[in-house]
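Okay, structure first, notes after.
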């Protein structure tokens, strides 16, 4: 037994492997930095230009982006507002309500929604959903026109911000559902049983154990969905009837446009400083995404002591 | 050992029973509500002469059902059960609601797409085709090439990053990567296209550059964060005891990751990758900007314009000639093809998952 | 012929041209370009032409930067841009040629049950699109259409949501013919908030078709079964037609002060010559007088010659719904193409 | 406040697998009953049938009767939610709700039935339950801190307080000390001694010494082998089981020859 | 094929928390040593320092020396991977690799390290290891079936076979029977008896009977209370520990007064 334990420091293969994972991570940061740099450099001409040269001759660049930024956030929040409760409901249905044997199949069906490309969603929005909703909007505005969100006049074609939000919602439902489903399925049995043993009904068990446990995960799922909705281009361009306004009305023809949709609409015919202005709006969208994500992270971290991870 | 005491209370009401709605009550209320809603709508239609709205009837029937169920349950079973029932029915409703757009989409795409779903569509390009005829072979090939390349770029980068986050990274850098990956999911696709175009025209010095590889890079930008996110979650749920089992056998960390951790989570990772592919395979705007538009075949990712299915769908829809229907039919057939490709990918992913995933069950 | 296809016209054409040519620009010309490209490629087996319908602005920028061999644009390069020069595909001292090879009427389309055609004057059209006339039975409309049974439906006016040449020509028409009602300048971006917006010609057509009481403007080839407006010119009401569209082009002067082979037209929307239809879109195909690369120059020249030829104009008319250019214009165009190299 | 439990001919299944066979026993009010036996013999499984927690597992079901003061838990129309209010449970691993403060944890079960409880009532209940669980002095200054910040033993006592706060009549404990250090274990054993004045207590334990220390009666379960159902072998006073059991298998087990 | 282990003044930390304090002991080759003590006293923690598995946990580190035949495991430049090939480990819960067949599981230590082996060599190794783990007869007909399809006891023996296949010199076992039924437990105890001929074995157990049945020497650890470090109280021949331990705490523990 003389064989001494061989001495070697860190194994080269280990170092190479961990190095390459680090490299991949840094590459992502670098790519993102490159995109940010591109956006900033290309935006500068628009930021320093005489605002009169911008489309619609606004008083300043900020007056130019304001309606777009508003529309982006508005449409995406509406989409999230529709998609979020539905997704949580679907995820709960699959994780805690549906019989175990069919739950997986149901999950697959919802995943199929994620298989539909966005151009197809655009075509569907134009050809099917908008005409379908038109009479409904008519009815809403006729009967609830006094309510600010449904102020007349009504859109004659159904291509309103609400229609867009519905399409966006359908697009992000599978994203939010898939993630929150996985999270709900991982609720520790221990906590579920603790609630049941106290005499909780299924709903109460979900309120006590499942939802609080999944809180952080649900927030990230919602953020992923929101990110998708904020950045969606083609659906908005194809389906929305945009105007340069800041308006909360859901059923009219004059809807605020979104940044991504507006770039798609205006870029082809843009030239000169107009191109820079569009890219500058892209920069604003980038910043909006950053801010929203930071807020989400802040919200999640604030109650970290109470998180399910402990 | 056995009890000799006969239960003294047999025949007396069991105090543990609570008054409950009979099992059939739910269905009865559902049927009733739908019938009432249908009746009301029929009367309204008779009196105003409008169309009978099935959707409206179902909608109000469902609302009525929920209200009735809640009210009856509240009276008979008390507030807690009533809330429980209400949420149960809402959760089921949520699921059914999500099915509506899915069915409508499938129906629309199938109904419209089937007209041109013929052999010619899959064996011809649009080169020299005017009006009717032609096919989308060039677009199918382009989509497969570009998406495939994007996958080849994003999956290694995304997976390695996820491995870094789960297995190695703990400090500020890991937190920064996690945060910015989230931010990256919000890059609008058109900005990705603009970036790729600016980047490659700068590098090549060609101001009008259009080529497939650039499209793949733009798509990777959109795909990578999805891969990172989903793989990260999947790697996290590999039980630590498997890693420890491998370490204890004297397996170095990198081999443990490659041969134990990844195979164990391969099912989830493939699902994530398919989700990521589905996310980008339908992107139009960035590809128009950087991969361009052509009617001809091109198998070369590094030279010349290359057609893709979403661009095909979009341009057929947006700039038809006088024979509009022929263009629309092609657009829908291409949309159907696109959906089928993604579904096939999903299926393959599931098979892979099934084949490689941990074999449980005794 | 088509790759892998059975459509064979595979007679060897013996053409001397080979190679790939790239054009980019106006989407309005997209359909016509596909037709021309198809026909041209069939006659010249070795040639592949790609046309990116990426938009006029992008098309001009790309051509300026040298990223394409020719551009399609729904407005010609203006004086400043021409003066600034710097067209990177062209030889250093070369100018450019701007040829109005694609002329297409813009129809004012509407969707009203049982009505196929309406007579409207410019002021009424402007009123409708600016939102001042809100109902189909408004007196202004009724006065021009005696006997028509106009419903009391609300009017939904649909315009383009994207930046487009169609909009620029349509607003130019309104500004020129109804300056009292339409007080805005011609612009590719719809200048006011009222009305409904939709993306692209297809979007406008879809919106008009799927809505009720809708009205919009779109390339006439896409009017389909929708009702169309006969616009007042002088004392007549003129329905759109290719001939009427070509007629307004002939009735209009070229922009002054341009080089000889810059055939930019100053459309005279107010012309009351008989049989002209004033709402037209003229798209230009722009190339260099002398190309840096002479092989490319020869190919562009040949392709331009084909597009301008009566065959070329005829296939575009049949498959893309454009109006063939008149013989007088053809001669001018031919003279310009002749100097290309 | 405490009840007699009678179990008649109970078979317990996980899907097709019969995990426990043919158990008949009677548990007297205000006693501590210990279940002992080798791992896998079905102690946990059987315990969970006493408050219908068994059926929470998909595919799991029960044949036979469990009577609590003459009411069959498995009778038609019985609401498991009501059963569980009367028969509380403490699990092997302490499981306070991590998202709730200590105070909220104690009140978690109570809030279900009585949403609007006055502040003073709930304060009173929190104090009473925590005192009952011998935890009050240790946590009274940090009632609003998360429950997961406590040590294992404290967490387990918090779970006991939570179970007591709904004032059940029976408390089931499944190896409540197996994850705890000896100090905490002693604290909980003392607590059981106290609780027995008011509650009927059933405890599963792996630890023979613990069983002999805390219980009045002991039930010994075992299995013949993997895949076989567990069976109740002997049920008697704790002293009898540990000194002169009537069955050889019991003697082997308690004397450490087996298991 | 077996080694002497000497531990000198070992302190074990999880970040700032000192979990085990000041352990010094010597384990002779070809013996079975049992670690006993109440839950949380650091048995698992200490055991894992013997093959440098402790440092796998983020923030965990060790002060002191562990010598295997005179070589310090924690000396500078020692490659933990090589240490672990010499000191194998079996965990509390059986953890066969779920993606691998029984055969692949046995060969995991070889295959995962990318070492090639001829078919006949590997067949031989599989048989030898499975025979060594007393599992061969039960699985020889289904070597290509997934390892997770076996019963708990079989899985645990599979893990032992897997650990043996890398031919270590020491095998550490952390409560290898605690998740198993009595039949499987006996099978593994018999196996330990066999293995002792070739290997140095260290086993953690909660079960006093098991310790007295299988081990030659026994180490008793305990802690003063939550948050305190665990300490080695007494280390002696098993018979001495269980019959006349020299320290009162040990006596209390083994006689069931405590823990």
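Chains here go by letter, A, B, C, D and E, matching the order in which they are written, and residues are numbered from 1 within each.
Here is the rule we use: a residue touches a chain if its C-beta (ideal position, glycine included) is under 8 Å from a C-beta of that chain, and two chains touch if they have at least 3 such contacts.
Predicted model only: the values in this text are computed from it and were never measured.
A.B. asks: Report the pair of chains linked by the most C-beta pairs in contact.
C.D. replies: Counting C-beta pairs in contact per chain pair, the top pair is A-B.
A.B. asks: Computing the C-alpha centre of each chain, which chain sits at the greatest distance from chain E?
C.D. replies: C
A.B. asks: Starting from the mean Cα coordinates of chain B and chain E, work out the distance between those two points in Å.
C.D. replies: A distance of 47 Å separates the two centres.
A.B. asks: Once you find the CA centre of chain B and the CA centre of chain C, what distance in Å lies between them?
C.D. replies: Chain centroid spacing, chain B to chain C, equals 40 Å.
A.B. asks: Please work out the Cα centroid separation of chain A and chain B, and write it as a whole number of Å.
C.D. replies: That gives a centre separation of 14 Å.
A.B. asks: Please work out the Cα centroid separation of chain C and chain D, and write it as a whole number of Å.
C.D. replies: 84
A.B. asks: At which residue positions does chain A touch at least two other chains?
C.D. replies: Only 11, 127, 201, 204, 237, 267 qualify.
A.B. asks: At which residue positions does chain D touch at least two other chains?
C.D. replies: Within chain D, residues 81-83, 112-113 contact more than one other chain.
A.B. asks: Any chance you could list the residues of chain C touching two or more other chains?
C.D. replies: 27, 54, 199, in rising order.
A.B. asks: With touch defined as at the start, can you tell me which chain B residues reach chain C in the complex?
C.D. replies: Contact set of chain B toward chain C: 120, 123-131, 133-135, 137-138, 201, 206-210, 288-289, 292-297, 304-305, 315, 317-324.
A.B. asks: Quick check: in the complex, which residue numbers of chain E touch chain D?
C.D. replies: 38-41, 151-153, 177-186, 206-209, 212, 222-223, 225-227, 255-259
A.B. asks: Okay, in this complex, where on chain D does chain A touch?
C.D. replies: 51, 53, 56, 58, 81-85, 88-89, 91, 93, 95-101, 108-109, 112-113, 145-146, 148-149, 159, 162-163, 166
A.B. asks: Could you pull out which chain A residues touch chain D in their complex?
C.D. replies: Listed in rising order, the residues of chain A that touch chain D are 100, 188, 190-201, 204, 208-209, 212-213, 215, 303, 305-310.
A.B. asks: Spell out the part of chain A that touches chain B in their complex, as residue ranges.
C.D. replies: 11, 13-14, 16-18, 20-29, 31-32, 34-35, 38-39, 42, 85-86, 88-90, 92-94, 97-98, 106, 108-121, 123-124, 127-129, 135, 170, 173, 175, 177-179, 182, 186, 201-204, 206, 220, 223-224, 226-228, 230-234, 237, 259-260, 263-264, 267, 279, 282, 285-286, 288-290, 292-294, 297
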